[in-house]
Amino acid sequence: MPFDIIDPTIIMGGVGLSCGILLGVAARFLTVTVNPRIEALTALLPGVNCGACGLPGCSEYARALIMHGAKVNLCKPGGPKTMRQIAVFLGVEPVTMERQVALVLCGGDDKTAIRKFCYNGIADCAAAALVGGGDKACGYGCLGLGSCARICPTEAIEITHARLAVIHPELCIGCGQCVKACPKKIIQLVPESRTIHVLCRSKDRGNVVKKNCSIGCIGCTLCTKAAGNAIKMEGALAVVDYTQPLENEEAITKCPQHTIIKRSGRKEVPA
Amino acid sequence: MKTRRAMFRSKGGVHPASRKRATNAMPVEFMPLSKVLFVSMVQHMGAPARPVVKKGDAVMRGQVLGEAGGYVSAPVHAPTSGKVIAISERPTQAGLPAACVEIEPDGEDRWDAARQPGPDWKTMEAKALVERIVAAGIVGMGGAGFPTHVKLSPPAGKTIDTLIINGAECEPYLTADQRLMVEAAQSIWTGVQIVRQILGARRLVMAIEDNKPDAIQAMSAAMEGTDAELVVLKTEYPQGAEKQLIYAVTGREVPSGGLPMAVGALVENVGTCAAIYDAIVEGRPLTERIVTVTGAMVRTPKNLRARIGTPLADLVAFCGGMVGLPGKIICGGPMMGLAQGSLEAAVTKTTSGVVLLPHQAVQQFSSMPCISCGRCVSACPMRLMPNTLGEMIEAEDNEGAEGLNVMDCIECGSCAYECPAHRPLVQHMRQAKAEITKQRLKKATAAKG
Amino acid sequence: MRFYKELIKGLWTENPIFRLVLGMCPALAITTSVMNAIGMGLAATFVLICSNIAIAAVHNIVPSKVRIPCYIVIIATFVTVVDLLMNAYLHELHKSLGIFIPLIVVNCIILGRAEAFASKNGVWLSIADGIGMGIGFTLSLIVVSAIREILGNATLLGYAVGHYQVALLMVLPPGGFLTLGCLLALMNHIQAGMARRSGHAYVPPPTLDCRHCAICKWGE
Amino acid sequence: MNEPVEKTLPIAAKEPTWLASSSPHAHSGDSVRKIMLTVIIALMPALAAAGIFFGWDALRLTGVCIVSCVAAEAATRKLMRRDKGIGDLSAVVTGLLLAFNLPPALPSWMAVVGSIVAIVIAKQFYGGLGYNPFNPALIGRVLLLISFPVAMTTWGPWQILSPAAGVDAITTATPLGLVKTTLGTGQPLPFVFDGDTILQFFMGAKNGCIGEVSVLALLIGGMYLLWRRCISWQVPVFYIGTVAVFATILWLADPTHNYNPLFHILTGGLVLGAFFMATDMVTTPVTKTGLMFFGIGCGVLTMVIRKWGGYPEGVSFAILIMNAFTPLLNRMTRPRVFGHGQKKKQA
């Protein structure tokens, strides 16, 4: 009886041993070398694979950092914190970088902007823009059909009941997907610390804007006087120059159309 | 001349109610000049024209307002004499903003003195004829607006043996081409002969649908005693689409992505032929066209000879205005026309009609899932599978749609016309085609850079 | 405290059948009667606990490259033990479970716990995990099989529960799929409702992610 | 969370006066609801025939199936928060077809179970009308057949099949069932299939599911559907044609154990299946060629099951099996796109 056990034990042991040797040989000669630094660096990145760095995913960015010396400040979701970590890891000098968040430069929802016709078709901004340029009377306005919201990896974009896209800065990682998705090109990445924005992209003349939208920029230039260099006129449209400092909130109160708003890092406060 | 029925019938197609009766017996009326004419610089396929006049300039009828912006482009001429009051950005019929020259007519409608009738066309070289056509700003007047001179200049080595004149006008409601054939058969015929001389085409075919007996009669009278053929087509939509027409007449299939010249054929619309006659024989550039203003919401539907740049609102007002608020305003026919958000847009070289539909005739779809009835597959003249394509595009699988040849779609609307689930199939296709074109451009520039 | 947490997670939040959607093969195949379910569940629980202990004990000395073969060997050993024991002492049950006892070797739950838990935690917690997961598995099988046995055979644990027309389908293979599918839907529904009430976002198990399926509007 | 609930926008009730959409702006005017209504009308002759032959039972089952199908559809849609209601009438069609596939003596509660299975499991669980891969009514029937085999094979009162075979033996069998059991015991064919029987079978005087007995009534409905372009001729023609060819071959090979092809056409659910079940739009191919192959496949499978299978009748199974092939047939029979593939063109 005990001998019945010994035979299989020897056979199984032998099989196990030979398999083990095979595995050992395989591990020795067929192994794929992975740079351990790439793995370690990948672990530092946020792992949302948003593509904001221009590379297809976090591990590719890590590879680019180590192999090709990519810039350390490309990871937008990670922001300055990740940038510093990368810089420390790679032993390079950290660069200045501010987190960017997306902003919809249109405030015209169903209550304030008029629609020229009833749009009947696919609920997608790109498709709607192909039908008579979209149903907003203003040719530059947000269509509110949520192409940006659908592409947002963090669901930071809300389509309000009055059909306007609003981005929640606290959820936004600044990946810029929505900027690409918007057929009207009214989403812009702005520095997170900035609070005062002109919510209009209409290049129309003031009388046309007034007809189409009650809160569009009419090009009255009152804000430019109040804000100094930070708000400039581009034709009939006031545009915030984000390279110039702007703390003075006078522009908000000066705007007769209430186009200029204050949006803090956490939530949006109408003027 | 011999008259025969079309020998080939392409698969697919639909039979929408033609509704041409409102205007098909109405003689073309002259549309009086509007207060302001809005001449868009985007009236054709290809590069937009570049404005060459300034605000305040006095212009004569036929004077060049915008010169061609490239080879595939066409110049734009002043539709009447008057003053340029502004050069602005205005939405086109497609709703996208484009440069536009606003002209205030002086009411005298004087022709530009530089415009003279040319020498006898029969003695002219093909090249000289094409040059005159380029200068006259003639584009395909059937709807797409492809610059005519490009078509008439086949690359060396390509011969065009068959010239087909498109008088099918398969879109419901529209009667502009039909009236033109009835009223100006002789000038169309002269234009056709000019085109034939340019191309040296061996075979000449006039194709008309069998629901226009008066046009068939008028054209056959004009063509009497020549070697041209008159092909009577069975009424079916989209019989007048270029590729389908070539197939119906010759049995040749234009290869995917190719031009008709690939099978040695060329299609010209009857309106284009009449414009060529005007340009070569009369020496007039293209400044007006026939527009059918119709639909249940127009008080008295009419065929109008309107100047390019006439606002749609003026056309409707001349027809007695609207009976009530329309449900939909369409530039062009109901199958392929562009829905308008307002009547602000102006007549262009390709505006064949303005249709005002009542609310009850407008399909207000709230689309359902596809029930796989297969009607779109049977209806598609390009033999695509619109049901599968629609679902793919809805799932944002543009690559898959490309693999199923979505780029061959001619957007004729037969699929969506038949769809019992009211799916916006054409819109899906358009979306995918726009997206794929964008991707291809990107790839092409990436390959270059 | 940690022990307790690891113990109960297998019952609901990480229930192997309804939440992780693992071990589908036995859950579909042997749930024609409650007796089978109990037998299968206990056998799997035994293997789970033993293999968790063994793997937690040896995971530090096993090179990570060959860990999977090692786990398989360990699991196979315990499965053989269970197979032989059941054959000896519960012969009838063994016969009705048939091939599914040896198939515990390739059961995703056991390998999954070995890889996901036991190889990263100590022996003590791994015991808790094994017990919790095993009991969760057993209870899930009992629920599925009870429904199928009552509807398809008018019995429960072999005792008649009433005289009515039975639906033969329920004890045939399609019945397993139907029952399990409906129960999964129900669990998803309950979870979504609970998440909504507590104000959290509902994150469905990856295999049952509602967000990309337009069939119903529960994911929203 | 932010995703619009609808794939396409409905019409806003208020403000802007006119509409704009992508072309075309004309429509044939046909809708899913109209198609379903046509099918319902086409089923009316068969319902009348069922009423004549089976009386109260036929009406009871039809009513129960329709009511429970519609109720199940409404309830599931509400529960799943799907917006579109029961207005498309597809649940009514499912209910009617399911009832037509049930034997007259079936208890009402079983019909309710079948209806719920058909609507909830076979249709709504897959996403509702348009997404169901299998014919819901047939799934309902097959589930009932597997679950309650006795109740589903207890037939009506007809005693006309053959005076020679003894009354008791035939009161509870369909012609197909009778043939199968008789041949299974090694006996010769149970009755003579000649002029009179053919006429009776054609008119509907035989045992079977309530909607399938009267070939005449079904043909009237089928012709109506063909006339209204609700079905294409490929499926019924190729389905019945294949069965006829198959049966002819069998009959010529061994006339002592096989009836002539008319027997196979006039018995069982073939005509009902060929005109109403195998032509269901959702679960059948979209191309004409695909429909042709679908019909042939159904015909072959039906005959294989009838001749060699465990069940006497194979129409339901044949159609369900072919439903599974629908995506494949759609793929294989894609039409050649205009301007493609005539000559090999360089890219």
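Letters are used for the chains, namely A, B, C and D, taken in the order the chains are written, and counting of residues starts over at 1 for each.
Going forward, contacts are C-beta pairs under 8 Å (C-beta built on N, C-alpha and C of every residue); 3 or more make two chains touch, one makes a residue touch a chain.
On a predicted model such as this, the values are computed, not experimentally measured, just so you know.
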item: Intersection of contact partners for chain A and chain D; value: B, C
item: Pair joined by more contacting C-beta pairs (A-B or A-C); value: A-B
item: Reference chain D; chain at largest CA-centroid distance; value: A
item: Separation of chain A from chain B, taking each centre as the mean of its C-alpha atoms, in whole Å; value: 43
item: Intercentroid distance (Cα basis), chain D paired with chain C, Å; value: 40
item: Separation of mean Cα positions, chain C and chain B [Å, integer]; value: 67
item: Contacts with 2+ other chains: residues of chain D; value: 1, 3, 6-8, 11, 17-22, 127-128, 131
item: Residue numbers of chain B (touch at least two other chains); value: 338-341, 364-365, 394, 424, 427, 430
item: Junction residues of chain C - those touching two or more other chains; value: none
item: Overall pattern in which the protein chains touch one another (line/ring/star/complete/other); value: other
item: Touching pairs among all chains present in the structure; value: A-B, A-C, A-D, B-D, C-D
item: Contact set on chain A toward chain C in their complex; value: 16, 19-20, 23, 27
item: Residues on chain A engaged by chain B in the complex (per definition of touch); value: 116-117, 120-122, 124, 126-127, 130-135, 137, 139, 203
item: Sites on chain D touched by chain C in the complex; value: 1, 3, 5, 7, 79-82, 110, 113, 121, 124-128, 131, 143, 146-149, 151
item: List of chain D residues in touch with chain B within their complex; value: 6-8, 10-11, 17-28, 30-32, 34-35, 84, 88, 127-131, 232, 281-288, 291, 330, 334-340, 342-343, 345
item: Chain C - residues contacting chain D, complex; value: 165, 167-170, 172, 174, 178, 181, 214-218, 220
